[in-house]
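All chains are identified by letter, namely A, B, C, D, E and F, in their written order; residue positions are counted from 1 within each chain.
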Amino acid sequence: MSATPPFALSGGFLGLGPATEATRVTIAGVPFDIGTTNRPGARFGPRAIRAASSMLAGEAHPISRREVLHPAVADIGEFAVVLGDIPASYDQITAQAAPHAHLVVLGGDHGVTLPLLRALAQRREGPVALVHFDAHIDTWPSSCGQPLGHGQPFFHAINEGLIDPTRSIQIGIRSPVDPAVWDWTVDKGMTILSAQAVHEAGPAAVAARIAAVVAGAPAYLSFDIDCLDPAFAPGTGTPEIGGLASWQAQTILRGLGDINFIGMDMMEVAPAYDVSEVTALAAATLVWEYLALLPVYD
Amino acid sequence: MSATPPFALSGGFLGLGPATEATRVTIAGVPFDIGTTNRPGARFGPRAIRAASSMLAGEAHPISRREVLHPAVADIGEFAVVLGDIPASYDQITAQAAPHAHLVVLGGDHGVTLPLLRALAQRREGPVALVHFDAHIDTWPSSCGQPLGHGQPFFHAINEGLIDPTRSIQIGIRSPVDPAVWDWTVDKGMTILSAQAVHEAGPAAVAARIAAVVAGAPAYLSFDIDCLDPAFAPGTGTPEIGGLASWQAQTILRGLGDINFIGMDMMEVAPAYDVSEVTALAAATLVWEYLALLPVYD
Amino acid sequence: MSATPPFALSGGFLGLGPATEATRVTIAGVPFDIGTTNRPGARFGPRAIRAASSMLAGEAHPISRREVLHPAVADIGEFAVVLGDIPASYDQITAQAAPHAHLVVLGGDHGVTLPLLRALAQRREGPVALVHFDAHIDTWPSSCGQPLGHGQPFFHAINEGLIDPTRSIQIGIRSPVDPAVWDWTVDKGMTILSAQAVHEAGPAAVAARIAAVVAGAPAYLSFDIDCLDPAFAPGTGTPEIGGLASWQAQTILRGLGDINFIGMDMMEVAPAYDVSEVTALAAATLVWEYLALLPVYD
Amino acid sequence: MSATPPFALSGGFLGLGPATEATRVTIAGVPFDIGTTNRPGARFGPRAIRAASSMLAGEAHPISRREVLHPAVADIGEFAVVLGDIPASYDQITAQAAPHAHLVVLGGDHGVTLPLLRALAQRREGPVALVHFDAHIDTWPSSCGQPLGHGQPFFHAINEGLIDPTRSIQIGIRSPVDPAVWDWTVDKGMTILSAQAVHEAGPAAVAARIAAVVAGAPAYLSFDIDCLDPAFAPGTGTPEIGGLASWQAQTILRGLGDINFIGMDMMEVAPAYDVSEVTALAAATLVWEYLALLPVYD
Amino acid sequence: MSATPPFALSGGFLGLGPATEATRVTIAGVPFDIGTTNRPGARFGPRAIRAASSMLAGEAHPISRREVLHPAVADIGEFAVVLGDIPASYDQITAQAAPHAHLVVLGGDHGVTLPLLRALAQRREGPVALVHFDAHIDTWPSSCGQPLGHGQPFFHAINEGLIDPTRSIQIGIRSPVDPAVWDWTVDKGMTILSAQAVHEAGPAAVAARIAAVVAGAPAYLSFDIDCLDPAFAPGTGTPEIGGLASWQAQTILRGLGDINFIGMDMMEVAPAYDVSEVTALAAATLVWEYLALLPVYD
Amino acid sequence: MSATPPFALSGGFLGLGPATEATRVTIAGVPFDIGTTNRPGARFGPRAIRAASSMLAGEAHPISRREVLHPAVADIGEFAVVLGDIPASYDQITAQAAPHAHLVVLGGDHGVTLPLLRALAQRREGPVALVHFDAHIDTWPSSCGQPLGHGQPFFHAINEGLIDPTRSIQIGIRSPVDPAVWDWTVDKGMTILSAQAVHEAGPAAVAARIAAVVAGAPAYLSFDIDCLDPAFAPGTGTPEIGGLASWQAQTILRGLGDINFIGMDMMEVAPAYDVSEVTALAAATLVWEYLALLPVYD
């Protein structure tokens, strides 16, 4: 434990400070949730994830022995958004994300991943691989007539050439679904691992499968907290039973150390539905697991 | 108590059925909340208010002895809105509200009052009086750059000639405020009664003051549940301490029986922040008090 | 504060022990709630009230300077009831209550007051005065066809001659009601003080009115916690807005020191709906206020 | 997702309408819970399960691709019960259940399964097979002296010849138990799979075992939500740790497609103890899984 | 509203930044609570009060029209404390407080006021006046044998000559009490206004009484949030019913503009017992009311 | 089920009474939590565990068929502690624990295990084996400079020769950690089984491993409830995701019947963070599992 107990910690994620010349990974919050189709509140996700992260500050990762509270990582606070306006907010988000070499976003609803992927496309040639943990495939062309929202990011990302579906994989999928949407997604080349498949195969096999699909491409990790079962993450807007235990998600992540990750987001934490911070703690810990994978601390 | 206990009641508000030829007052829900500036969730307000109303079904009002569960009142369910799009939703709301002679809306964020007043303007000549219970004056021209939202309805309503500010009154006001916005509102002729003024004057004097301001004009009642103190109504998005007790609001309403009310809304109930249904029960009871004022049961 | 901090206190109400020869007032719990018409759970009321009472142990009443944690008061634990059977439970309750000279019951639903009054009638001649704090008049002949339940105790108590309605008063009444039930009650001679009347008259006038109605008769105090507003007592089954503040109830009780009380009950605390123990604390404190009125500590 | 977002959905389970000529499966609520021995509140179970089901409306099952929101299924609302009277309520429930060819009941305490099985016996010859998910074997002859309640349904069902214990199986059992009750149950021929056995064998083996025990007989599915671990279903009256994960229950159900089910109930959801609707969502989803098994949509 | 919506605000109280040359009032948190005798958790008070203050940022006070989000006020974060050691922590707190000309502390348990007053005594001659809002007189010489804790600060402050009891007043007192402690306090010259006295006299009279007692002396304001009724402030460790409404406290504070305040603390907010942030919001708003009294914004 | 339903049960754990001549195992509470580094509140742990244990009273263990509610087990209530003073409290705890031949403690923060082990050392020669379930290794020499607290018990226990690390094992470890602390612990001979190792090996293998490490020595069982995942035990102060399911812990315990246990503690239940009593129920059930292992009922 650091010299400051968790209840006295202030500052950003883990107590991290603002960006400096040493920064190699940038954390930012995106307090935006009007793209939700059911329970809103992910606008408070960044604040809750940061508060919960205080539990993890000041000691090393038990396996990698890396200390993530390190000058290579910075927390620059919240991105600005436009109240009540999805398209204008997406444009602002893209503009704010684009300058950062390696961005870790605390969301926010999952629709925000679209402008984040657009920003990534401004920095590099060609589509990236996607490693996507979620209960939902999020490739609906629209929800109730609205084409921009938290069920659409990867429909647009595929259509805009931001991700390469043949190098992309979705883990934990289990919601009710429109069969036409499912088939379109598979036809594009996406690999879908249902939650039941994860329960049956075990984390090590899943990690291996992810690495096989990504196949060495630069990869973006998008984690919707509802990939976890509501028992482990009640604080979210569109929970689905039958999901992953937090240990499964954690163990899978630990198996992805050889992937070349270039960015991450942790989405859909809605604290109004959380219980004793368990969802925020799960989200904070999984971000910390991701950070502990990155070769930036030397 | 009716033959059906509250926990077994189904249907609309109080168990009311859909509209018939006998309908003189129509209840509808507007599950819309993307115009909120702080805690969202009023989209679940209509469902919560209806569930809480089951406590009030099947017996008469203790003073007027009217039975509100009556064929003159109907509950037609929810209005459709457009996910994630404020202007398009306002247009849909106006169109759905316009056909109803006397509408009681269960919200939804307070921005929805603007399209409701627009619908009212389609049915009658000239602006109406406004009786407005709230912690906030809601005449900001914009919030964080957004001109349509829950802080703006009466700015636009005045500018569009939908309400007559010289016949209008705001009760319970107490939030931090931009002095320029306050002065503009007063300059337009609006009467503002702060929460502290209500505590000092007492409900009877407040009711008399309201009647004096309205002065016989047809009047619209807009009730933001955050007019109540957070102790009485925690389940809302922008609570302010120092507010009204529920008995004060209830007693004021009971003193308004001589006003010619032509419509009502009950806004900003956000169930995710409620506690044992107390906010929803307060909202349901105040709607029931309003209905008990109306001369439609003979 | 006593030598034991509240969080380490065990035993009965205030940490009181079982009955001894010195006992003049007996506390007992009645964990029974199947007579409820809406939210159940008052079966856990006794346990919650006892736990909350630990805050009040070991110091004196600030006005009377009496120490209620005293050998004159004992807590004998829970009465037995028959699971799922109202008539059999009532008979058991009466039998268990009858031996006690001065009983203070922690309920339990309000229907339980009927067998308690029956027990009282076995010990003394003639009906007693009733001082009844409640949101509901509880003189319905039946609820949904069931003649024994928490809406009926005083209908039967009047009919069985257990209480004298002309010496009885109900304080805080405000629920929807069947006008015929109301009129029957008033016709029997009962005095009804609505919650609004309490807010307008103030506690001192209410206390004087109670004393005037009781007029020196031996009196039974029956306190339904829903007499308090849901802001002060959310943890109950049939809350009604517009109720008393806890300070009002407390101040009224303090004004009743000249009444010859012969028993009390505190009913309808349903902990599953409570918040941070505020309802249980209100109930415990009001029982403690009652005990501080009794001339038994010399 | 359907044209209506979940927060705007009204009507019955999944938004289903009342019975028509096309109805082949009927859903009804039984808001009854006075047979509980610990925490009450399952009377609010039907309302909570219906509200939670809105998450599942408007899309297909991800495996069977069946759309359960279909004219073959109807929701007829709540059955009437008699307040505070177990035997009379059971008789009413049986009478109301009997006309329905295939009934799915949302409970309610588990005692209600007894009158439901009696209704079934009025429609067909001979006992049925029972597939029973629970933490408790529910074959106690009485609880605290009461012979009718949520611990007794299958004691009576066996004695009355309503179920065939040799074709019946209990899954997830783990509570403390009277050894004599356990031995009686086994002696009757019942198969008992403890929760630990489920954890060790895995869902596929459990599904196979169920099918083997049922052996082609017409079967009734009775699901007590406390079969799930309290982490997955805190909102219930008699939770026991060590229970099933929701994915295990879901996967087992998906393996029972060849069983000839003739009715189902989902019991013991007590919303006052639920957290962010996770229990209600689990119950709603498991009912939806059951409905997706039925060959009624062609 | 400021350009940043409340949910996106970061930084200190109201979003205030660290101290600069313009700073005239310094806010600091003291996350310390091991001096509590009942429910702990006030160590999380500073964090919760800051988060709740985001609701108040960016607009002016409605009466004084002062903008508290101003360079004259700074938030320097948390003071260090020694885990599990009261005397050592008090010494550290005094040392950290001493350099600040005008300190506003977010607590923390009420014992912390003692080292804060000691720091004040290092900066000026002679005892100060105390304006003390609380349910408890906090002049017990010890609690369960422990002489340093949240029931003792003013016992020591009087004995150490830090405050002048003849210029000091306690408002809202109502807990059970040791009569000897009460008498000692009064004998020292302290004025005690019970909660009941506040309810009867009204806020204006109370404010006048406070000013009369202080009589022009430099004054320290110590506000224990349990001065408010648990309905308004459930999130605290030793709640007592019968307390002040938030509007009463707010109105009293607004009447103290002529007092020469030299420091303030807001103590005993225990977020684990809070509900939808109402306690934290009350505390934040009352601090903001205090700041709006200070003549530092010109 | 016993003659008394759970909601009417009073007395100690399971309703057990005070010590008699038949007592062979003594249960006591230690309401002490000022050694916590994050969320406090374990002082209320003993009360919550006892209340939750009512669910388990009156029936036999389903596998061993032992009835733990037996004269061989007694509950003597709470140990006294010194408010706000860790060293003095530890001394008091040791003194109170020492007389008991076989003590089962309901905590309380984990620092309390140190004085309990010291008491054990007064009764027997040489160090004991430790079977330690936890998310944390608890061998930090200090936390934020404080050498006595809930992260230190086994650092001191090893140094004082109270436990034999070569016969000791820690199960469920997964928190961030100081690598030097980890290495020191392993160097002393301690066996550490991470949570991930438990998930991969399964409960039977873990039980075998524990027995192998203990190797027949007399063993003390120390169970920190945060060994369970926050989904199963949110009510604790330093939760870590990725933990054990309650069924895993339960199954491991059931496999330890051949170990010669000489004492146990159940620590870190913090009810303010619990949800519907699930953490308290888990703790109570695991204590009951332990008691069912002991050969004391003949």
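Following the convention adopted for this analysis, contacts are C-beta pairs under 8 Å (C-beta built on N, C-alpha and C of every residue); 3 or more make two chains touch, one makes a residue touch a chain.
Treat the numbers as computed from the prediction; the structure is a model and nothing was measured.
Colleague: Among the chains, which has its CA centre at the largest distance from chain C's?
Modeller: In terms of C-alpha centroids, the chain at the greatest distance from chain C is A.
Colleague: At what distance in angstrom does the C-alpha mean of chain D lie from that of chain C?
Modeller: The computed centroid separation for chain C versus chain D comes out at 39 Å.
Colleague: Where the centres are mean C-alpha positions, what is the separation of chain D from chain E, in Å?
Modeller: Those two chain centres are 54 Å apart.
Colleague: Determine the centre-to-centre distance between chain C and chain E, using the mean Cα coordinates as centres, and give it in whole Å.
Modeller: It comes to 37 Å between the two C-alpha centres.
Colleague: Mind pulling the chain A residues that touch 2 or more other chains?
Modeller: Residue numbers touching two or more other chains: 4-5, 7, 37, 39, 43-44, 83, 143-145, 229, 231, 245, 273, 275.
Colleague: Dump the list of chain pairs that touch, please.
Modeller: Inter-chain contacts occur between A-B, A-D, A-E, A-F, B-C, B-D, B-E, C-D, C-E, C-F, D-F, E-F.
Colleague: So in the complex, which bits of chain D are touching chain F?
Modeller: 37-39, 140, 143-145, 151, 173-179, 182, 194-196, 199, 229-231, 234-235, 238-243, 245, 273-275
Colleague: So in the complex, which bits of chain D are touching chain C?
Modeller: Contact set of chain D toward chain C: 33-35, 37, 39-41, 43-44, 82-86, 143-146, 148-149, 272-273.
Colleague: What part of chain D is in contact with chain A in the complex they form?
Modeller: That would be residues 1-7, 55-56, 58-62, 65, 229, 231-232, 245-247, 250-251, 275-278, 281-282, 285 of chain D.
Colleague: Which positions of chain A touch chain E when the two form their complex?
Modeller: Residues 4-5, 7-8, 10, 29, 31, 43-44, 47, 51, 77-78, 80-81, 83 of chain A touch chain E in their complex.
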